[in-house]
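Take a look at the structures below.
Here come two complexes built around subunit A, the first alongside subunit B, the second alongside subunit C.
Take a look at the complex of A and B:
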């Protein structure tokens, strides 16, 4: 049985476990139909031209991991940003782990999707927001159909959430292959500010496929800073579908640090529904081996006087492949839009590949849109310069790569997060530079 | 200290150096002059270990050791320093962090621990004062947006930090106004002692009024065609290079 069939039949089993007499289940039902009709995307589709899911779909995934798997904090501490106080929502094989989490209902809700989807007090919010940002593509629909668990965050108006919130999804690999479909909903009301860090981590080498959907609603003048750490091991694949709806004068930023995993596809979508909105999309990708990272971004400018800033840096070694497909749509009403997009890449191996494609659809006439992509090698004259000062080749390369990523790193607002990323990069490059940039 | 014997070097099959002989002893200052395209910068790069250049014949000895096969960083660790004609911009790496890395990598190569942060700061303060460099300057990205003069001053600052045995200054005077020239020359002179040596590569005699050479060599078509004392530099300033070319071609 192929994965699609398996999922479709699993849906019937899934329905036995949930309340089918609800708004949410109507949404699920519609979603499974879309998935049934469309199936998994293939390379024939323009948006999937450079990324093939064929190989990773061949595994015999367990769709509902059975066991309750306990992990000790000490074994996974390193995956947390642990030197500062944070809220934590932790999942192990898709199931909530209360002993690893630190949630709250004190003025804000940092808790579970499973509660939000079932408890009456969340009903209105769910009806207003659940699946209202996600598009009806097949993978998001697949996630919607099975949506039952994930992070639920609601920040009411005028709250400055001082502690960052970490969302961590672990897979134990106790089953030979696991498919996970976390569903996150984040609603940030007027004037509030929140910082969120998300990470997916498998704990052994068994194949894992995560098809995640995160919906973020940034209401009037709200600020959301979202950080994604993607540094999974070489049999873990991630399809990350993130949808952000912004209301007027809000600022939303997403930083994606893609350093690992087998195949990573980031579908990052911003919808601007108000004036004077700022959307920020930044990423650093450093991969090697046969890793594949695909950033597929969309910024939809719908109203006037808004901005978007995209800055993606990629360093590709060995046989790795990278894809950047950045789409900007500026609607006719969206006059005075400022949209910037940059994608700079360095290939450090002859066998590495990068496909980069800007896509601009502009229907307004008074806009500033710029895009630029570069593909190059490490600057030889800079290498000689540094080496002539006594910095060995490997360290000189690392220093150049840091420097290359620095534009993106420098906009990370949580210092501990920045240090962590710097450390991951140093580890990846096998150097110790003794300072943070 | 430096002994170059019949050095031939080429880049992309084009022979540029065609038999250089040069000996520089500790305590000496040598000037290498010559018209454009004579091979001055190539000589500097070959000594420093730039990989694009292939040494096809001859050898370079540094303190009694053949360094032809050594990587640029290994030569640096042994005390060779090249001040670049065109210092490279490295956005995202501050001057301070760059120097910390360079110094600690050199120490690591010698089996020493990292320099304690306190000592490093003291050294940076001391040397930046010597070159009259504003402290704010040190937190800027290396050479990025620096003026020509700032870049050259920064090169000599790095030289002061690294305290090389042999410093090769490639066209350090180009792009400098007279005040900057004086600061740079003053820095070089203060660093000069009986145990180290300086090779000044220049087009003009101007810098040599400040950094006074013991020997002056003229490079032409990849060879040293004439050597003398500082008077030779004055003569070249006055008469240009044509008479040398005529002498060689005769």
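Take a look at the complex of A and C:
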């Protein structure tokens, strides 16, 4: 039985377990129909031209991990940004782990999707926001059909959330292969500000497929900083679908740090529904082995006077493959739009591949839109300069690569987070950079 | 005209500007019944007195074509042509060759005169050999002698099939195979005529070779086939220019151009395309679905330059396969769309050899309700060491009812590849206009200046003979703006 059939039959079981009267029930049923009709995307679709899911769909995934798995904090401490105080929402094999988490209802809601979906007091919010940003593509629909657990964050008006919020998804690998479908909903009301860090981590080498959907709503003048750390095992695959709907004067930034995993696909979509909005999309990708990272971004400029800034850097070694597919749409009404997109890549191995497709679709005349894309190597004269001053080749290379990705790093607003990323990069490049930022 | 000439005025003018070269010559034509089947393909082949191998080649293409679907991926929307409603062969019926111009149908000559390409003038002045194609069969070839002395073969492809079958057989379909795509397959099956050019080893062609295409017969599609072969160390510059009469019915044009540059050879291929774009309501106009591709062997160079101002729908990607080491591919393009025109054009640079270089400069100007897309592919294969590409795509938008799109695909499989891609979209800046006004240049001139400057990089690449015509076409397309 292939994965699609398995998922379709599991849906019947799943449906009986969840609350049938809820609003979400109909949404789920509609979504499974879309998935049934469309199935998993194939390379024939333009958006999946360079990324094939065939290999990872072959595994016999268990769709509902049954047993409760307890993990000790000390074993997984390293995956947290632990040197600062944060809110934490931790999931183990898709199940909420209360002893590792630190949630709150004090003024803000940092809690669980499962309770938001079932408790009456959240009903209005769910009806207003749930599945209102996600598109009707097959993978997001699949997630919607099975949506039951994930992070639910609601920041009411005029709140500055003092601590960052960490969302961590662990998979124990106790089952031979696991498929996870977390669903996150983040609503930030007027004038509020929140910082969120998200990470998916598998704890052993059994295959994991995560198909995650995150919906973020930023209301008037809200500010959201979202960081994604993707540094998983070589058997873990992640399809991350993020949808951000922005109202006027809000600022949303998403930083994606893709350092590993078998296959990582980031579908990052921004919809600007108001004037004077700023959207920021940044990413660093450093991969090797046979890893595959695909960034698929969309910025949809609908109203006038908005901006978007995209900056993706990639370093590809060994047999890795990098894909960048960035699309900017500027509607007729969206005059005075400023949209920038840059994608710079370095290939450090003959067997690595880069496919990039920056796209502009512009229907307004008074706009400034530009995109730039480069593929190149490390600067030999810079290398020579450092080598002639006694810096070994490996370190010199690492320094250059670090500098290459620094543009993106420098806009990270949590210092501890920046430090952590620097360490991961140093680790990735196999050197001690000997400095902290 | 008032002295305050604004962009709005320009747009107003663009809207009402009628196609200047819209006239129709009545020449008795020898036209096949509408529709396409194996018999028609055989009949075309027979009519052209082709050898058996050619007939088989056409039939093979036809069989492939039958199985294919019309491509839909391009960013254009149009009413699909009814392939069974087209007559696939039409030739002026004064069939025999002429020794002098006096023998040519006078009406035909008048047509050329209106186009400003009177044959006698061309003969005397420009030093351009003309292989003039009206509808499908070439009726006059000039300067054959001069070329003959150098060993250059420049003739219609149907003659070449008869006179140089070994060359045609060896190269036809090697760059654009019959089954390459829907329109290439169709063209392979029914192509009526086109040009053939062979430059022998080490010969530098002394003049610009040129062909004027005209679509003339209502309801007939034109399926041209051009094959240019530059043998080792040779050089040729080839010009192609087109204008078509004003028609309400959509006319289909599906040409195939194949260029082969052997070791150390260089081919420069320039196109000025000004087919009927349809009227201001988007009615009528030519469908231009063209497959153009060149193959570069060692140290060879192919350079495509195009100025695209006409056609209702354009679907065209002149490409280079950089097979040999150190080969060079270039693509320079200006695409102007107005009213309801749609253009989806660009290039493919396939780097296979070592030290291969490619340059892409594409300028899109959209006005009215038109849609202008750049679609390009730069592919560096794993054996292409030190490959280099530079691409630049700029779009200029006039008014907020048009659209500009870019779809660049970049694929690198070699670590020594260096690729740069840049794209910008903008409108004519108020500050730029202001700057000019301040210095006593009126708005109309200022816009002309800016549009000219915007397309300069590409215009500069055109051969002298064409630069003037290109300028004319920009004038027609953006009348009132170019001074």
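One rule holds in what follows: the second predicted complex is superposed on the first by the 436 of 437 C-alpha atoms of A that agree within 3 Å, B and C clash if a C-alpha of one lies under 4 Å from a C-alpha of the other, contacts with A are read in each partner's own complex, and residues count from 1 in each chain.
One rule holds in what follows: a residue touches a chain if its C-beta (ideal position, glycine included) is under 8 Å from a C-beta of that chain, and two chains touch if they have at least 3 such contacts.
Because the structure is predicted, anything quoted here is derived from the model rather than measured.
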{"item": "Clash or fit (per the criteria above) of subunit B with subunit C on subunit A", "value": "fit"}
{"item": "Touching partner for A:358 - first (subunit B), second (subunit C), both, neither", "value": "second"}
{"item": "Subunit A residues touched - subunit C or subunit B, whichever exceeds", "value": "C"}
{"item": "Partner chain in contact with A:407 - subunit B first, subunit C second, else both or neither", "value": "first"}
{"item": "First, second, both or neither for A:382, with subunit B first and subunit C second", "value": "first"}
{"item": "First (subunit B), second (subunit C), both or neither touched by A:299", "value": "neither"}
{"item": "Which of subunit B and subunit C A:239 touches, first, second, both or neither", "value": "neither"}
{"item": "Touching partner for A:393 - first (subunit B), second (subunit C), both, neither", "value": "first"}
{"item": "Touching partner for A:425 - first (subunit B), second (subunit C), both, neither", "value": "neither"}
{"item": "Nearest-approach distance, in Å, of subunit C Cα atoms to those of subunit B in the combined model", "value": "14"}
{"item": "Common ground on subunit A, meaning residues reached by subunit C in one complex and by subunit B in the other", "value": "none"}
{"item": "Touch list for subunit A against partner subunit B, complex", "value": "379-382, 384-393, 395-396, 399-400, 402-407, 433-435, 437"}
{"item": "Residue ranges of subunit A touching subunit C (in the complex, touch as defined)", "value": "46, 332, 335, 345, 347-377"}
{"item": "List of subunit C residues in touch with subunit A within their complex", "value": "73, 380, 382, 395, 397-427"}
{"item": "Subunit B - residues contacting subunit A, complex", "value": "45, 48-52, 71-73, 75-77, 81-82, 84, 87-93, 97-98, 100-106, 109, 114, 141, 158, 162"}
